[in-house]
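Each chain carries a letter (A, B and C) given by its place in the written order, and its residues are counted from 1.
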Amino acid sequence: MALILDLAVQGAQMALVLLLAPLLTGFVRKVKARLLRRKGPPLLQVYRDLWRLLRKEAVVAESASWLFRIAPYMIFAATWVAAALVPTFATGLLFSWSADLIAIVALIGSARFFLALAGLDVGTSFGGIGSSREVMIASLAEPAMIMVVFSLALIAGSTQLSTVASFMLSANVGLKVSLAMGLVALVIVAIAENARIPVDNPATHLELTMVHEAMVLEYSGRHLAMLDLAASLKLLLYMSLIGCIFTPWGLAPAGAGPVAYGLGIGAYLGKLAVGGFLLGLFETSIAKMRVFRVPEFLGAALMLGLLGLLILFVTRSL
Amino acid sequence: MSYGLSPSLAAVLLIPIVAAALLALIPSYKLGARLNVLVSFATLAAALSLFVVERPLPGPYLQVDDLNVVFIALGSLVGFTTSVFSASYIAHELETGRLTPTFLRFYHAMYQLLMFAMNLALASNNIGLMWVAIELATLTTVLMVGIYRTHEALEAAWKYFILGSVGIALALFGTILVYMAARPVVGPGLDAMVWTILMKHSAAFDPALLNVAFVFLLLGYGTKVGLAPLHAWLPDAHAEGPTPISAVLSGLLLNVALYAVLRFKLLLAGNPGVIAPGPLMVAMGLTSLVFAAFMLYRRRDIKRLFAYSSIEHMGIITFAFGMGGALANFAGLLHMTMHSLTKSAIFFTVGHISQVKGSQKIADIGGLTETHPILGWVLVVGVMAIAGLPPLGIFMSEFLVVSSTFARMPLLAIPLVLGLLVALGAFILRLNSIAFGEPRGSTAPAKASYLPMFAHLGLVLVAGIYLPGPLVAWFHHVAALLG
Amino acid sequence: MDRMILDVAHLLAGGLLLVSFMMLYQDRLPALFNVFALHAFVLALSVAWQAYVQAAPHLYVTAGIALIFKAIVIPVVLRRIVVKLGIYREIEPVVGIGSTMLAGMGLVALSLALMLRVTAEADALAREDIAFALSVVLLGLLMMVTRRNAVSQVVGFMSLENGLVLAATGAKGMPLVVEISVAFSILIAFIVIGIFLFRIRERFDTVDIQALDRFRGERQ
């Protein structure tokens, strides 16, 4: 009986992330529009776009290979699993033993790999530009992410997200400068990975400035729907990650009752709202960087991660 | 509580600083130059009296012991003779318009301030105070090197300032580390910076910390000594500053910086657990020697030539102290004294030569023994001395270094002797073109003061033949302490 | 409470290190002066915290000196000098930011490893202060080496001095000589800077060190 309940809760989390992802994207768009004194699209517009795309015919280029057709499913699957593993409203769920930070980084990495390949697959030049830029960004963002993971692992004693979250909730954390540096580094990485301003403009129509959009330029129909949903899931993933590590309040502990879960969901929605608002605010107030400046931006994240790690070593060897 | 002061020591310190203040206020440069000479003579008298008066007990800031009493006297002597030289040199500089009277006030005040700083560094018993004094000395010389305001002088002064400041900063870090090593044993506060107290307890200090501290101190003060590869400021500073400053730099400031390194080496010698600082000093000394010896060949500016010679000799001295052992240490101390006297005498001569010929380039100077016999032959004697030929003083100390190296580590003697021979060759070549051969440049008579050069070279000649007993005893005593 | 003390000291020392890194990539002089003011401010906080923890009231004086002189007076004066020299808007080609940052990281790792190993016997607060102080000193040195503008070289040197002040306060109980030497170096560096920057400017019409290098005299 308990097993069925746990399974239900875990399933509920998986469904929750899938349902909330488009809402989050719509919310961010709405915030940006409002800050620019426009009305903006309705909050549920992304759902409608997805539904429209699903019913359309998928047009595939003649030069495309089997990879082109498979890639959207791979990417969607990997991203959904990763997003479902991050504790959103409760820790210690049924599959939380597999919710390891390194596993999540690997899942995101494989999704990116397939996306880059898909961009190259059709042989257009814009796809090539997008893929090469994406991989350049990743070559700096991933090490930065790993540095942050190391720091967290050193502080919390484990890379498993539930353990990390419960550690952050406890009083042992203390005032750590490495955590502050890790937070800033993780935010920078999240912005880069999700193709947000200042790294990439998700609403651009100019192909020469695209990174993520260039790779999905050839897709249409249900393939495009999967890729869009995957992108929204990725945004949700990074926000829940930052939320559960650095603002873990409201997370229901393992085996709590439905009230705690309800509170957890409420807290989670609040965190998403705040995160979405801050993201919209940030994107509106800053300009997009030129592509050759992006390595400097990400280099800063890498440096912060490294520095936090070094300072952590100092503490531990004292 | 005793402050480590006796009337002599107080005089040695107070006379220069008061004079500096006075000289800053006197507008007439002639009076300033004369006062400079007088004050330097008074300081010399006070320093010599340190030999005869009873030594005070070491205080928390100052002390007089076997090691520094000789250097204080030597420093005051060189300061006095340089002030005599400076008086005649400056007159000529004014005539040619390279300096103006307002600068001269500044120059004389800085000169006495420099003397004060050097005496303070030598007499200090407190490692922090020693650092402050050496920083003050660095800053005064930086200001004086840049006094000509030509492009080259400013570049030299800026380079000297940057490198000197970096060296001083590293030395301060080393000083802090020594304090940190001493604190658990001696207790916090002033006591952990007093050198005599540190010497007593050095065996109990943490060896690892002392090792790292010495490396920083060697790098920091070693920059001021001019050891390769930290020597980059030295040739420019010697070549572009006024010649009295080159004499004081080579003759005194390099010695004071090396003295600081020696003090810390003494400290390390008391602790059995430290890595011997010798090999590092040997390596740096040999590098400086060989590098400078080869660099002597292509120098076209006469002051730059002798600046590299200073690097070479400081390398020999550092090498000697690095080798350790009673004989090598004695040789090092002797060499410090002899080099100081010889090099300053050479710079006196060179100063007058460049004034007479109107240029510092070797190509413009030639046939000196014909056109200006006194200057020419004094230069010949000086170069013979600095190249290490007998019977002058430096030959004695170099001989002692070489023989002790042959006895202890024959392999190292090869680069040592190689460097010495290369330097000798370079000097013979250059001397040939400067002092002998076709006369070049102007043949106007020189209005030089010959007394300082004669005095120094006379002393070097005497020391090559006979060293007074008490001096030998002192040096032996310190050599034994150095380990 | 003990953990808290260590954590705050850590926070401030780590912050100082971070600001040193920020100084490395500034290519405009006004921004550099602002970051330097921040550097001195964090230093003042760190020294004040040490004063509180060690119960050493004379360190409050050092913190005050750092705050007033280095965080306020010197940046203001430097800004005026730079306006007079006419290089206020210049953009300095900073030597390869990526490689500079990596070199800085290497230096920090090296100094931390060295200092922590060597000071095994001292107490935790002193050890970490010395370790971070050496890192700041080395980063200041790196900044002096990678800069071409005389003014930014001087700012690098002053950040090096800041690191030394941190080291000196970390070594508990160092007597008044510290204050004297600190104030002394500020004062004299100031006089020398003032004199030199103007002399260099009037002679060379620029403060670009590469221009000075042409007068190196006999390229050795």
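As a working rule, contacts are C-beta pairs under 8 Å (C-beta built on N, C-alpha and C of every residue); 3 or more make two chains touch, one makes a residue touch a chain.
Nothing here was measured: the structure is a model prediction, and the numbers come from that model.
Taken as a contact graph, with one node per protein chain and an edge wherever two chains touch, the assembly forms an open path, each chain linked only to its neighbours along a line. Top contact pair of chains, counted by C-beta pairs, is B-C. Chain centres here are means of the Cα atoms, and by that rule the chain farthest away from chain C is A. Chain C has the Cα centre that lies closest to the mean of all protein Cα atoms in view. Computed centre separation for the pair chain A/chain C is 39 angstrom, with centres defined by C-alpha atoms.
Chain A and chain B have Cα centroids separated by 66 Å.
Mean C-alpha positions place chain B and chain C at a centre distance of 31 Å. Among the residues of chain B, none is in touch with two or more other chains.
On the chain A side of its complex with chain C, the touching residues are 174-178, 181, 295-296, 299, 303-304, 306-307, 310-311, 313-315, 317-318.
Interface residues of chain C, counted against chain B in their complex, comprise 114-115, 117-122, 126, 130, 133-134, 137, 141, 144, 150, 153, 157, 160-161, 164, 167-168, 171-175, 177-178, 180-181, 184-185, 188-189, 192, 195-196, 199-200, 203-204, 212-213, 215-218, 220. Interface residues of chain B facing chain C in the complex, by the touch rule stated above, are 126, 128-129, 131-132, 135-136, 139, 142-143, 146, 149-152, 154-158, 161-162, 165-166, 169, 172-173, 176-177, 179-180, 183-184, 188-190, 192-193, 206, 208-209, 211-212, 235-236, 239-240, 295, 298-301, 304.
For chain C in complex with chain A, the residues that touch the partner chain are 3-4, 6-8, 10-11, 14-15, 17-18, 21, 25, 97-98, 101, 105, 108-109, 112, 116, 124, 127-128, 131-132.
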